[in-house]
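Lettered A, B and C in written order, each chain numbered from 1.
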Amino acid sequence: MGEIVEIFLSASFWAAVIRIASPLIFATMGELICERAGVLNLGIEGIMVVGAFAGWMTVYSGGGLWTGVMVAMLAGMLFGLLHGTLTVPFGLSQHVVGLGITLLATASAYFAYRLALPRVTTPPRIEAFQPFPIPILSDIPLIGPALFAQTPLTYLAFVLVGVVSFVLFRTPLGLALRAAGENPAAVAAQGLSVTALRMGAVMVGSGLMAVGGAFLTMSAFNSFFFEMVNGRGWICIALVVFGAWMPGKALLGAVLFGVFDALQIRLQQTSIGADIPYQIFLMMPFVLSILALVIMSRRAAIPAALMVPFNKGER
Amino acid sequence: MRPEMGAQGPVLRLDGITKRFGALVANDAISVTLWPGEVIALLGENGAGKTTLMNILFGHYTADEGSVEVFGAPLPQGNPRAALAAGVGMVHQHFTLADNLTVLENVILGTQPLWGARLDMAGARAKLARLAEDFGLAVDPDARLGTLSVGERQRVEILKALYRDARILILDEPTAVLTPQQAEALFAALRKMVAQGLSIIFISHKLHEVMAIASRVVVLRHGKLVGEVAVADTNPGALAEMMVGARITPPELRAAAPGATLLELRTVSTPDRGTARGLRKVDLALREGTITGLAGVSGNGQGALADLIAGLEHLSGGEMLVHGAEPVTWSVAHALNAGIGRIPEDRHKTGTIADFSLTENAILERYRRPPFARRGWMDWGAARGFTDTVIRSYDVRCPGPETRIRLLSGGNMQKLILGRAMEGAPKIILANQPVRGLDIGAITFVQTQLLAARDQGAAVLLISEDLDEILTLSDIIHVISEGRLSPPFARGTMSAADLGRWMAGEGFERGQDAA
Amino acid sequence: MRLELIARPSPLRLIGFPMLALALTVVFGSSLALLAGANPFQTLGLILRGAAGSQFALLETLNRATPLIFTGLAVAVAFRAKLWNIGAEAQLYAGALMAVLIGTGALGWPSGLLLPAMAGAAMLAGALVLLGPALLKTRFGVDEVVTTLLFNFIMLLFISMLLEGPLKDPMGMGWPQSSRLIPEARLPRIVEGLRLHWGFALALIAAGVVWVIQSRTTLGYEMRAVGANRQAAEFAGIPVGRVMLKTALLSGGLAALAGFSEVAGLKGNLTLDLSPGFGYTGIIVAMLALLNPIGVVVSAIFVAGVFVGADSMSRAAGVPTYIANIMLATALLTMVLAIALTRYRVRWD
């Protein structure tokens, strides 16, 4: 038990928690925006791969770090545009289109990677985002290094939660978005375009998912390799449900998730972990996600028009 | 025809509006003029083209021909915002409100610039309070819409239009969800609005309401404008004929011959399901050769009662006797085996499977039994034979039994459901809103069939929100309110107004809902 | 823009749009080849030749199609009932695991008994793997898309754990792989000397059985009704929850047969790269077949041909083999759009 207490008291543990949570926060906010407007975006897993590749590739070919983030976002929005076009005006199955986008996006990223680096076996590294300790705040014991000595992208992730929350609940645009996810007919009756709102939400949301992917290559692993997203997108979908479609609660879920993930990594190195196959630890994030879904399933917070296409003039 | 309003021009002019959907002409060169401070009624059967006309006015459709003018200025077509900006407000029959948003959020949706930095809630709250005060339409601005009653939701829908400074208000079947007294209150509010200079188009198919509120009636039939008369110059009978295009012969009514009780509920309660209300200690007896009518505002427990009899709901208290015995278990299969014929409330969502053929739909309730299936193997030949019988006996107009049912009109769809339910000569019939949304031909057909079944000894439970239908067809009437059931009233003992008071919850014993 | 249902779509519409979707896919694939510096016509030719240019190529394609028919059927059965089983990958591995557990010598039976026992155990395991998410859906209303997806990862880690632990082949020189099946546990070749095993025939039989179930039995009628309109099915007295569970059992069992057939027919042992995503590709196969079980056979062979052809083309022309995945994903997306356009007309009023 002493070992576990020790883990919880180490600043590096909490720093890892936040680092693990950051990409999930971006992608979860992206998914949350889509779902609030009424579109389930199962393209998330593939869009994260595209973001990871696009961001990394930009920097690798000499672009700036922030340029990389922008390129990743634009690439994500492009796939969002495709997803939105098929699911919103054409009202195709969000399940099928989402999975199709994931396949297409993943394969495109891998194809482009192989095209750019045909023979490489060791993934090349880039000069990624460096920690940017905030003066004074980062000197606070324990939470200082954890919260205030992270890379700029992590700070951005936390700011993003506030922005998404504000836009959704305090602005006319946010009200219209939420209404589009609850009863699109109400939006259309006011002369607002459900199609434009949902398309916009899917595009912006997809852009954020891609930034979440870019975090992996530009702020965590510093290189691109196959299978690197490894189910994080699906976990984000579970986090949206866990957070009851509220940005703040979803953030809490992502951090909680980070705690478990960071804990399992450290437990593997303790005496407790020595006797347990490492695969058990690696399973934990997925098992926890399923548990979260089961626990939260009774909540009625789900947007009423989620996955319901809106066809103008249909009676 | 024109009220004394001085030399002002008309507030709204629809001129020669034509709209085609494929081969169907939904609106055929329709012209309507609305003057300031006037209430006109747009009268017509389901499918006459009323909704299409209003959708064109609102920019949801563009007309193939014709033009719209509001306050003398042409209204650009296909642009819903233009209609709103020009001061046209619409109260939809299916409210365009979101359950998970508050009243205030619903009202201000779309009224502030989309890219505004922040919602102005305080200003909106003040304006809403003022409007509510002015027109006597009180609502709690912070209540979640999902918690409101149907009447309150309609108030929100009206306030939404007024909040946008509508000068022309269009109400689509606004009284369908109200008690007679609530309808009176609505009319009072509408008169206040007219007094303040608003003009109103009132869409309805209820003649006495049209006579009560409108000064002029425009009648549509099969997409054509077939008449335009001042209320003072007409009467309900003439309007009905104009609307239907023929003299209406109501189904012939013979005296009821009540027999034994086939289904009885004794202090029955059912659980609440989310926002859907359950039953509270309900006593009910359905007797042979009787039509029992159930009146009430929608959402007061009709769903629970229908589900219970259909086999989809279970008792949480009391007892149910079917053919004099209490069933040990209760399910759809038991209900069907007990000879209960069921006509569901929503023929699209629960009555049929849109992408299935007529055959596959016809056997939905009996696919597991011979001759349609033996030991798990389907006999499609037998199924087609059965479907042919239903199609012939119930006059279902269709290209054939293999047609997908979504291609049928509502009336023919309902005839198939009726045939499916009646073909087994059921002793108990659950008819939940059996004629909603049908044209007069189909309505008469369905009602005649129900009456014939009664005359042959069936016990019919008729659930409807249309009081006229209840009063015409029922031998016994109950009123349902908040899950409670009124005592039975015999035919002719209650007026619509009497029933309305019960619908509003008056007359029920105190403490009855304690459990 | 508005979509309007077409009562009786013309044959031109019914054939034209799907053809257009395939054409778009080919054009898109060609431009990718161009991007990779290859001649698009040559690339397509190489794919075609690699997939069906010789007896060897054709048999390779049919071998690759075998697991795809099983997973395609699994997805088609489930999607028809609107049970979104994205976990065919996990069910496949569950089937492969059972095949290995029994087939490496646990039962010293002759082939005639051993192979059915392996197939049966595989189906049971696959069915149970999907039963979990299906129960979570019917009991708690948990969306099965996410749970089945997450189960894929859990299953793969579980297999990895076994292959590095109790199931590790002592002769495997440290590789995470299982021991090999005993000869009696191998599926024989259909024709001696030709590299095509009985798994393919089993897949064709499975497709026929699924077709019969869907069109001729009450269970099939129930599954279609639940998928087409759950509420109406409930009203009609169809036990929706039970039908969902039965669908899950059937779907999971079918996907598991893919694992059984790959282990017993082709590979002979269990490794972590047994399936290069057959479970996910099954979704493409099923959608391209419009969920029709007979169509699944055709589309599985088509999809397998694209993969096999792209592999061989990649070796010859140097275009990354991921072009196959891109083209198939494109085919999927354009095809669902095309199918919608055969039924709906786009109107701009």
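Everything that follows uses one rule, which is that contacts are C-beta pairs under 8 Å (C-beta built on N, C-alpha and C of every residue); 3 or more make two chains touch, one makes a residue touch a chain.
This structure is a prediction, so every number in the text was calculated from the model and none was measured.
Of all chains, B has its CA centroid at the greatest distance from the CA centroid of chain C. Contact count check for A-C and A-B (C-beta pairs in contact): higher for A-C.
Each chain gets a centre from the mean of its Cα atoms; for chain B and chain C, those two points are 47 Å apart. Here the CA centre of chain A is 28 Å from the CA centre of chain C. In whole angstrom, the spacing between the mean C-alpha positions of chain A and chain B is 45. Counting partner chains per residue, chain A shows two or more touched chains at residues 312-313.
In chain B, 61 are the positions where the chain touches two or more neighbouring chains simultaneously. Across the complex, chain A meets chain B through its residues 170-173, 175-176, 178-179, 182-183, 185-192, 300, 303-304, 312-313, 315. Chain A contributes residues 42, 82, 86, 89-93, 95-97, 99-101, 103-104, 106-108, 110-111, 114-115, 118, 195, 230-231, 234-235, 237-238, 241, 277, 279-280, 282-283, 286-287, 289-290, 293-294, 297-298, 311-314 to its touches with chain C in the complex.
Across the complex, chain C meets chain B through its residues 4-5, 7, 216-222, 224-225, 228-229, 231-238, 349. Listed in rising order, the residues of chain B touching chain C in the complex are 21-22, 61-62, 78, 310-312, 331-333, 335-336, 342, 344, 349-356, 360, 364-365, 367-368, 373, 376-378, 406-407. For chain B in complex with chain A, the touching residues are 51, 55, 59-61, 79-84, 90, 92, 94, 96-101, 105-106, 108-119, 274.
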